[in-house]
Structure formats: C-alpha cells, structure tokens
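Note that subunit A is present in both complexes that follow, paired respectively with subunit B and with subunit C.
For the complex of A and B:
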C-alpha cells in the first residue's frame, strides 16, 4: 500500500475509481438535465432499484464467502409465482410465510450442496437456475399468474404503498441493508463469513465450521430473494414465469461494481448498495439524456470492466496485465 | 492397467454409457407412455436429433477449449444473436442486391467476421487487463445483448433467401447440412486439440498457468486466439441455424451459454482447466438433446426438461467429485 500512496492522484483514482466515476456521471447528468436530481426522480430510481438491490444484499454474503449464486433470478421468479398463486388459495397472511418457507427450502438445498458436499458453486447454481425455472413452469403449468381481486387486497402495500411519504420497497431495502450490515460487521457470524471466503482452509483449521457458514450465506441469499419476489409480486399483482430471468447477472454486476472480489473475503453491504445505486442512476441518466433504452447495457458493460480493471490495477500496482 | 488410466477410461466412457441408458430408457418407457406410435429409436428421429444438436453443439465445442484453458465464456449467446442479425440484415443492404447469389457467401463472411471480432474483444480484454474471463464475458454478455437490441429494437430481423434455405435443408449421405457442420467442426477441433502445439499448450495453461508461462508459452495471445475461435464458432452456429429459419428475435440465443456449459461439464471437462475432450463434449451435447426429445416422447411437459437437466448437472458434478477426490474443485479467479 505504501507504494500506491506515493502515486498521488493516479493512485487515488485507481483506488476510488468507481466513486469518482459515479460523481462525474451524476454531475454530468445533472448538468445535462436538471430533472435528474429532482426528488421524485431520485426516489423513483431507488424504488425501481429495490428489487435488484435486495437480491444483491444476499448475494454479497455468498460472494464474500467465496462462492457464486447464479440462481437468484429464477428463484425470484419462483417466489413471485408461488406467492401470487397462494394469495388466492390461502389468503395473503398465510401465502407470504408459505412462500418464504418454500424459497428458503431451495436456499437450503443449494447451501447443502455447496456447503456440506463442497460442490462447485458456479455449476451448482447454474444447474439450479435451470432446475428452479423448470420447477416454476411445472408449478404454474406455464401460464401467467394473476390475482383475482386486484383492488381489494392489502397485499399491494409491499410494492405500491407509502409510509410517511417513503415508498415501502425503499424502506424494505434500507431496513434489510441496515440489518445485514450489522450482521456482517458487528457479529461473530459476519467475521466467519470473511474468514471462510478469505482462506477457507485456514478458517477450517481455526475451528470455524466452514460448511455451516456457507450454508447460512445461501439461506440469507434465499431470504433476500423471497423478499424481492414479494416486492415484485405486490407491485404488479400478476406475473410471467420469466419475471426474474437474467436478473442474476445484473445482481452480480452490482455486487462486483461495489468492489466485492469474486475470490471471496472482501466486500461490504454498503459498497453493494453503492453498486446498485450506480447501476440504477446510470440507467436512469442515460434514459433522461434520450439514449436508447438498450444502450444502458453497453454502458454497464464498459463500467463493469473498467471498475474491476482499475481495482485489480490498483492492487498489482500497474495498469496492464502481467500476462505475457 | 493402473488405476489412473482406468479412472480416465471410466470418465470418458461415462457419457456414452449415459447415452445408451437414455436410449434404452426412452425406448422402453415410450412403449407404454408415448402418445405417438413411432418408436423412439426411429432412424429419421435420430438424424433429426443430430441436426437439432448442432446449434448448441458447435458452440459447446468452442466452450470446451475455453474451459480447458481454465476460462469461461458467458457471451456466446449474445454473439450468436448479433451474428444472426448481421447475416440476415446484410442480405437486404442495397449493394448486396446487385450481387445475386454472391450475396450469400458475403453475408456469411460478414456474420462470421462479427463473431471473430466480438471474440477478439473479449480475448483482448482478458489478455491486456488481466480481469478474469468470467467477469469480462459476464459484462460483454450484457453489452453484446445491448448491441443486439440497439440494432433493430425489439423487432425481429427477417430475410428469407430460398437458395440458403435449400442449402440448409439439404441432406448429404443422409445427414443434414447442420449435422455436417457439427461433425466437421468437431473433427477439426479434435485435431487441433490432440495433434497440434496449440492444443498441447491449451492443456498446459489450464493445468498450471505459471508453469506454462515459465515454459515460454505466450498465454495472452493464446487466450486471444481461443476467444476468437469461440466467437467464430458461435457465429458459425448462427449462420447454420438462421440460413434455414430466416428470422431472428433479439432474445434468441439467451441461455445458450448455459446449455453449452452444461454439455461441456456433462462431457467431463474440468471447470478448473487442464482436462477435457472434444469427443466427450459431443457426447454431452447428444445426451442433452436426447433428454429433451425423450422427455417429449414419453409425454412429459417440456417444462420438466429444465428441471431434469439442472438436477443431472448437479448429480454429474457430485459423481465426478466422488470419482476424483484429489482434484480441487475451486473456481480459479
């Protein structure tokens, strides 16, 4: 680190590149279109980022623990479909805990495979992406799911309600972020997650139950996915089977953008929230500037590569890769 | 025969044994459950199966080489779609109309060039920045898909050229055009991986990158070539498929990377690199297609296919771990 600090401004940009870029983007967008920094716009962006954000919080735990979770998108579709279906069969009060239980069961299955059986998380969650998608389609028979009485249910509060003027999805996102920050930074469990992800063998030798910690990270991820599914279902009160398709990549992009290393052992909940907001605001800013909706994908691509590149470059002390 | 070679034989034979089991299962189960009175192991049915394996299969061949390197490519589905758009759209460009049937090879060339360029972008980034291929191609998967949507919005791009359709539907020695492309590509890549220095280097790099560097192998350019190769194969797959169908949706090719990786892993290639074979991947591709067709044959919902394949992928991973406990199954990033 001592060498890096000598490099002055270059080193600073390399280390905090993503924040610098974020500030530049925000200022640029605000100058281009003052509506960008209007309260309604900001609140709207955070609200629409909440679903990705809630899932990203859970995936942060998995990634810090040194694993990947590519199944969150199709798991979110599953939760959404299940809660919408049970809403009419059991009523919302029972449907929500039932859906959480079913989603947590899926999380437990993945946690068992990756934690206790020590199978490669990339392939396991890739397989689960496909398997849960199949499960959802089998459950729904391939049909869209809709609530019968869309006007007369209090279920819509999670996606559409306001408390003290603040949209409920934002409150849930913020609450979950605070609770998970405390869990990760203030409890023995949080320290164990870092230890397992940083050096699994060393963690095992120092008596940390590696399998159980990994298992718990997937349970946390599943809980977050269920919450995201709840918000999604409550917002639209009807859903396709593929509502979460592809979201796993945006979620992972947000986590990586926040600076969590895919090697495990680094990252924080707060940084992930920043990553989520950066993605959300950049998408929104580009739209306000009149760029085609899909141009945001290209910009996201460039930003992810630049962010990770600068991060790596700062760690190794040189910009270009040492690969011959 | 020592235990290591026996283990290797078991592993290489496993996928073909699995295919035989599938054939038997679906033939017997089909007798009782099938809605049609046609036998599952009907000759035409099997020929069709090979043809349908081709799009994913051609991509999976390239993925094998990438994974032997210890890398991964998540952007192949988007490359597939973008090449397809270039293929179909370029044939409608004004100057192409004057070329008559010469427009076809030109359109093919442009589509294949698209794939090579997209692959080269991935390869260059991996080489020059040192960012892991997983992240690089995760990003370009989004980026390339964005380009696909920017090209023509959410509208499908369509152009039917009957000469092309005739070519794609032709059968030579009983096999369809697509099957020939799959088999010839497999043969060439098998030669590349087993008989050339490039192939030997691919295994060496995947096995131990530092040792390979110390042995004087230029790892960066090697990666670049392989990413260009998989880009080429993804566009070749698109060229073969869309010559016949003539219409591409912007969502086409989504999740193809997943199917290709599944086929490669079923074939026994290691995620950590250094181990794998083109022939076994071909087995993996056929096994997946058999499963799709077979489940349809015995009257299962098409939805079940995703469920079954996902669980089989995990089961294979588990069995592989049990057979080969000494291998470290960590993802190298």
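For the complex of A and C:
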C-alpha cells in the first residue's frame, strides 16, 4: 500500500484518472475506427448527449447542495408526455409554459420534502421516480402519445431545427450551461449552494436559509428536466411513457464523472459538461466498435464505479486504504 | 475502615506526554470500605491517573499495589480481572440485548457445542441484580431501561468479579435527584462489603454527602488528602486552585455605554429557566458553568436557533422576537459557535468565501458577487485580526485552530454587530493564540461592542470578563463583578452550592 506522491504516476492517475482514461479511450477508438473522429459523428454525439446533458446541469446543483435527484428520468417522461398531449389540445404556444409549470410543481414538491421537511433525498427522489411514473401512466392512460399533424407544427424546431448550422438541442444545452455556470459560480445564490452542501450546519450558523437553498436546487433541476422533455418531445413528436426510464443513472454518472462529490460542496457546471461528453463519446465509441447496445448498460456502470473509486482515491491520496 | 490493608495504593506515579508532565509523582491510597473522592480542575490529571490505573496508559515511573501486592495493568480487561472496575460516565451497553447478555458479554456461560447456557446466565444475573435491589430482571431489554437503570447494569457488570476497588467517574451527570439516592445506596452497599470506592466528581454537595476522604490533584501533582468530616468547601477549593492565579484580572479601561441587550426571565423547556442578565456596549459579560449548564443553549436562543418558552429579549430597550439566525444577524446579534469546525466554518471553502458568507447577498455588482468587494473585506480583517494565511484562496481547513477562529470572528466583525456572542473562544487552540484571542476580545469591548463570552475555563472567564454570570443546571446561580469574584466563590456557584448572597435554585 504505497503512498501516492505528487510526482508518482499513481498519484497522477489518481488525480486525473478520468481525463487519462478519456484520452486513452479516444485514441483507441480513433485508431479502431476513423469514423469516430469525423465531424458528423462528433456533432451527432453532442446532439444525442444534449438531453442527458441538460438534465445533468440541473442535477449538478442538487448534488453540490448535498443531495441526490433520482427522479429526473421519470420526470422527463412526464414532461414529454404532457407537452405532446397539450400540443394538440392547447397549441404549442400554451402547451410549453403549461408543461414547464407542471414540471416545476413536481420539483417544488420534492424541494419541499427534502429542503423544508429535511427528508432523506435518496428516499424521496427514489419514491418520486416511481410515483411520477405512475402519474405519467395515469395521465396518458398507458397509451403512447403522438402529435396529430407532425408536418404542420413549428414545435419540431427544439429537437430537429438548426440555427446557423448548429442543431438547436446543442444550442439550448450550451446556452443553459453558460447561464447556469454564471448562476453557480458568480452569484450569491451559487455561493450558498456550495455552503449548504459543504457544511449545512455551518451554513445555518452563518444565516444561510438552508431549506430555501435546497428547495431552489430542486426547482433548477425540474426546470432542466422540463427543457430536456421539450427537446425529447420536439425531436420525436411522439413518445412512449417510458422515454426517460433509466436516464437518472446516466445523468448521475455524468455528474460524478465530472467530479462533483456525492458528499456535496464541490463540482462545477463546466466539469459536468465534460462528464456528459466523456460518457457520450465512450458510449458512441463502443457502439462503433461493434459492442451491442445492451452491453452499454454494463459498460456505463463499470465507468461510474471506476469514477467513484478514483474520486475517493484522489481524496485520500492512495488507491486503497484499510480505513474508510 | 477496620481492615488496615489498603484495597488499592498508587505510589509515585509519573506519566509524561511530549511537552507535558501530566502526572508528577502522584501517590494515593484507598482503604477497603472507604469512599474516596478524587478532585481537581480540568487538566489536573484525574483522567490520566485513572487511565494508568485502568491499564490504558503505562506509567513512566511508580507502582500500583492491590492489597499490597504489586500489580502491572496492561489492559482494562486485566484491571478488571485484578478487581479494579470502572463505571464510566458514558455507558457502553448494547441496547438491543438483554440485561443478562450485557452483564456477561464476552463471557457467556456455555454448554456443549458452544451453546449458551441460558438457564445459568439468567440465574447468575438475577442473583447479582438481587443484591442491587433493582426493579428489572435479567431478561429486560437494556434499551428499555432508564439511564439510571442502565448505570445499574454497568454496576452489576462490575460485580461479576469480586471487586476490590470500583471507580465512579462523574456518575451523577445524567441522573435525577431520585435516581441519585438509589446510586448512593448502592455505593454505600459496596462500602459495607469492604470494597474501596473512588468517586470522581465536580459536585461539592455530593462529595460532602457520601465520601470519607478527599484527595486533590493540581497540575499533575498530589496536593493532599483531607478527612471529609473535618474539612469544608473553602479548604477543598483552596487546595484545587492553589496559589492565586497570576493571570491579570480584567480592569475596565474604558467607559461603558448603554445597555445593548437585556434578557428577562428567559426559559427554554428543560434547557434553562428564568435567566435574566444585561450586557452594555463596551462590556464583556462572561458565562461560566459546567458543560450542560445551559449556557450554549442561551446563546443559540439569542441567535434564533431555539424558541424560548417564556421570557423577553430586549435590544436597545425594545422587545424583539428572534425567529431565525437571519433575523438575529439582521438585528445585529452574532454568534461564534463552540464547535468551530462543525458549526463555524465550511472547511472545504476558501478563507475569503467563509468570511463573507453571511453578507454575500450584499457584496454584489449587478447580479454577480463582486470579487473586489470581497477581497477588500477579507484583506481588511486579515490585517485587523492578524490572520496568518498564504492568501484568501487557501482552504480554511488548512489553517491552524487559532487562525480558523479568527476567520469566524472576522466573519462577524465585518458585519458590524451590536452584540457578539463567543462560545468557547479558545477551545482546542494553542497557548500563544489563546492570549491573542483574549486580547482581541478585550479590544472589541473597548471599541464599544457588547460581548458575551461563554467559557468552561475559569482563568479565561476571569481574564476577559467585566462581569461573570455563574450557571448551574439551567439556572443563573449568581452574578459577579470583576472586583468581587473569587475562584472559590465561582466554583461554589457553578457546583450548585450557595455562596454568600447566592440565589437558592
């Protein structure tokens, strides 16, 4: 059990393990299949990562604030189904704000339970994962939801449009990333999120309204989920009830890969974006190498566990320790 | 004391730690059938001596004799086997197991194939419990017992060996008066069986009620043994404190201002009752008492963390209701909490961000936090408080205790509070930084702040305070001015004894 010094190769891997692994993967993929580094492929990966990416931005706030959000996948299904249904009933102009309001209401409910009632966020959001799934099925009557007139609506712009040659989902992901970076790193609110996640008791003793801050992180998360639901609905103009199923784990994986600590108090929006891209490119690379789609579930989890291990190793400065 | 062979004798025990001579030739004798009090201030060496006796520390010099036979203690188990048993302040019982299982934990009677002999276990346990005259039996789940009865289980555990000496360490800390009576009966029963009892407590009243002799330690040295019947509180206190402390007393060097904070008959559930005091601008009001006397809870109430159940709080003569820490801060009340790392600081955050945290909402240029304004505040208070750090980017967790405490103090000073409450200002801080913090507190008063200092260290309270409130068990026992206070009157007040002019609780 050698101590990892700053100069040792082990120490370097412990501190930058995720980037090292990413570079090795990229080089390997590029050698195995040159198509991997083609512009169209890269653009495609980013576009398909946008939905997970947008959700990961919101979950970053929740995690830095010291909590978890496992409900985002199921909540995203809800947003998608609701906006598709209201599209035909109210028209897109009203459907979108209505869907955002309903999704934010769910976020407010979770934020109330975790922030004000101080219930464990793992239990609350795991429960909400299931409860919102049931809500979605009740709302849709279990049927898939489709827009009637798929050709004649401008609603498809969020998922399929291009502005200045850049796909709109990428633009929305980028815009949201910039806004949320500013919010987290530059505003008093962002500082409070770090304080509450870093040491909630000390934050309270400094006059920070801890419950309100936690509540707001879940509102931000819900806003991001609604945005992801909008992109998803607009891209397909029809959807199953289970479209977001399992995405909460990929979202969490991206946030952890980016280096946010599950204990709260550390992480940045930029790092999460990196985490999203790493996850997207690795999955894409494996697919290009001919790995079966279903095997990706396994690989994703191997990557997450590796990331968590390296995160802990970096903190204690060694790869393995007999205590804690 | 019919038997003239001592149950236990310690001779010339020396124990040093790097830089400290914790025990300096301590000798101490306990006769069979005697209750012997061991007294001394915090840090006098009582715990170290007991750890030597219990086999946790090896003495550097000296010898332990049990019934005049030299004994070497290498572990608590060995100490118990030799008849020396400890009843600790913190109980170490498994709540989910029965009384019998707890008493014989690790040495359950066995039948063939390693099966537990439940019949023998319960019979043996009930036999011991019978001698203690308790109201529960061998099969009772320990978690269902009161604290006092759990303590009885600990005592029963001690009786599974035939003890020569039983050491009680602050046994009444969490007992009610009725429960104390039962405990004292058990101690007197041990006494009549010829067991030597060592009784460690700060509570004079109990000491004078149940002990035969009192031995006093001070600064790691044995200071003498008194016969309880022939002495009094003053004499014992004198022995504990010794020379007059040469710490310079605080002398008011500046004018006192108006009353900034007044508390009238404030109560909060079981935590404190009917507490009244005032603090003037330019004054340091000290709160002294044992841990659990309710001092921190008063501070937390003033800071909006607890709801008072009765009484009034007046700021500048106007009654206020403080509903949250935000509310307290807005009204100019600041709290430097007792647990610096747990409550005072966010260790993973840098020095500047910790210091400006309560006012981050006001440090903005447009929607964003202004780096310049924050750095200016940090620089100002770094210089003012002489905080030694490589720069504001340094994580607070990397600073020394003294510098961390200055960050917390700076955090509140930069808010220009009316009333500054400092709870245990120098806990865990080295001696040099201690006096810096003391001077700082005096300076703040001379600048016109109203300061409340809560401390468990008598020299500290005496050194910084203009007036001292002595608390015992949630009540204000007495208020002293710096001129009239003496160490022994203070000790008496916080031990629940009535000194001259004291209020009877």
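General remarks:
Keep in mind that, in the parts below, the second predicted complex is superposed on the first by the 313 of 324 C-alpha atoms of A that agree within 3 Å, B and C clash if a C-alpha of one lies under 4 Å from a C-alpha of the other, contacts with A are read in each partner's own complex, and residues count from 1 in each chain.
In this text, a contact is a pair of C-beta atoms (placed from the backbone, for glycine too) under 8 Å apart; a residue touches a chain by one contact, two chains touch by 3 or more.
Since the structure is predicted, the reported quantities are computational estimates derived from the model, not experimental observations.
Superposition note: with subunit A as the common reference, subunit B and subunit C can be accommodated side by side. By the touch criterion stated above, A:298 is placed in contact with subunit B alone, subunit C being left untouched.
By the touch criterion stated above, A:118 is placed in contact with subunit B alone, subunit C being left untouched. After overlaying the two complexes on the shared chain, residue contacts for A:202 are found with subunit C alone; subunit B is out of touch.
Contact with subunit B, but none with subunit C, is seen for A:308 once the two complexes are overlaid on the shared chain. Residue by residue along subunit A, subunit B and subunit C are tallied for touches, and B comes out ahead. When the two structures are aligned on the shared chain, A:35 is found in touch with neither subunit B nor subunit C. Of the two partner chains, neither subunit B nor subunit C is touched by A:150. Across the overlaid complexes, the C-alpha centre of subunit A sees subunit B and subunit C at an angle of 70°, to the nearest 10.
After overlaying the two complexes on the shared chain, residue contacts for A:188 are found with subunit C alone; subunit B is out of touch.
The gap separating subunit B from subunit C at its narrowest, counted between C-alpha atoms of the superposed chains, is 5 angstrom.
Considering their complex, residues 68, 113, 117-124, 126-135, 137-138, 142, 245-246, 249-250, 252-253, 256, 261-263, 292-298, 300-302, 304-305, 308-309, 312-313, 316, 320-324 of subunit A touch subunit B. Here subunit B touches subunit A in the complex through residues 125, 127-132, 134-136, 138-147, 149-150, 213, 218-220, 223, 254, 258, 261-262, 265, 271, 301, 303-314, 317-318, 321, 329-331, 333, going by the rule given at the top.
Residue ranges on subunit C touching subunit A, taken from their complex, read 303, 305, 324-326, 328-329, 335, 337, 342-349, 353, 357-358, 360-361, 363-364, 367-369, 411.
If you check the complex, the residues on subunit A that touch subunit C are 182, 186-188, 191-192, 194-195, 198-199, 201-209, 265-266.
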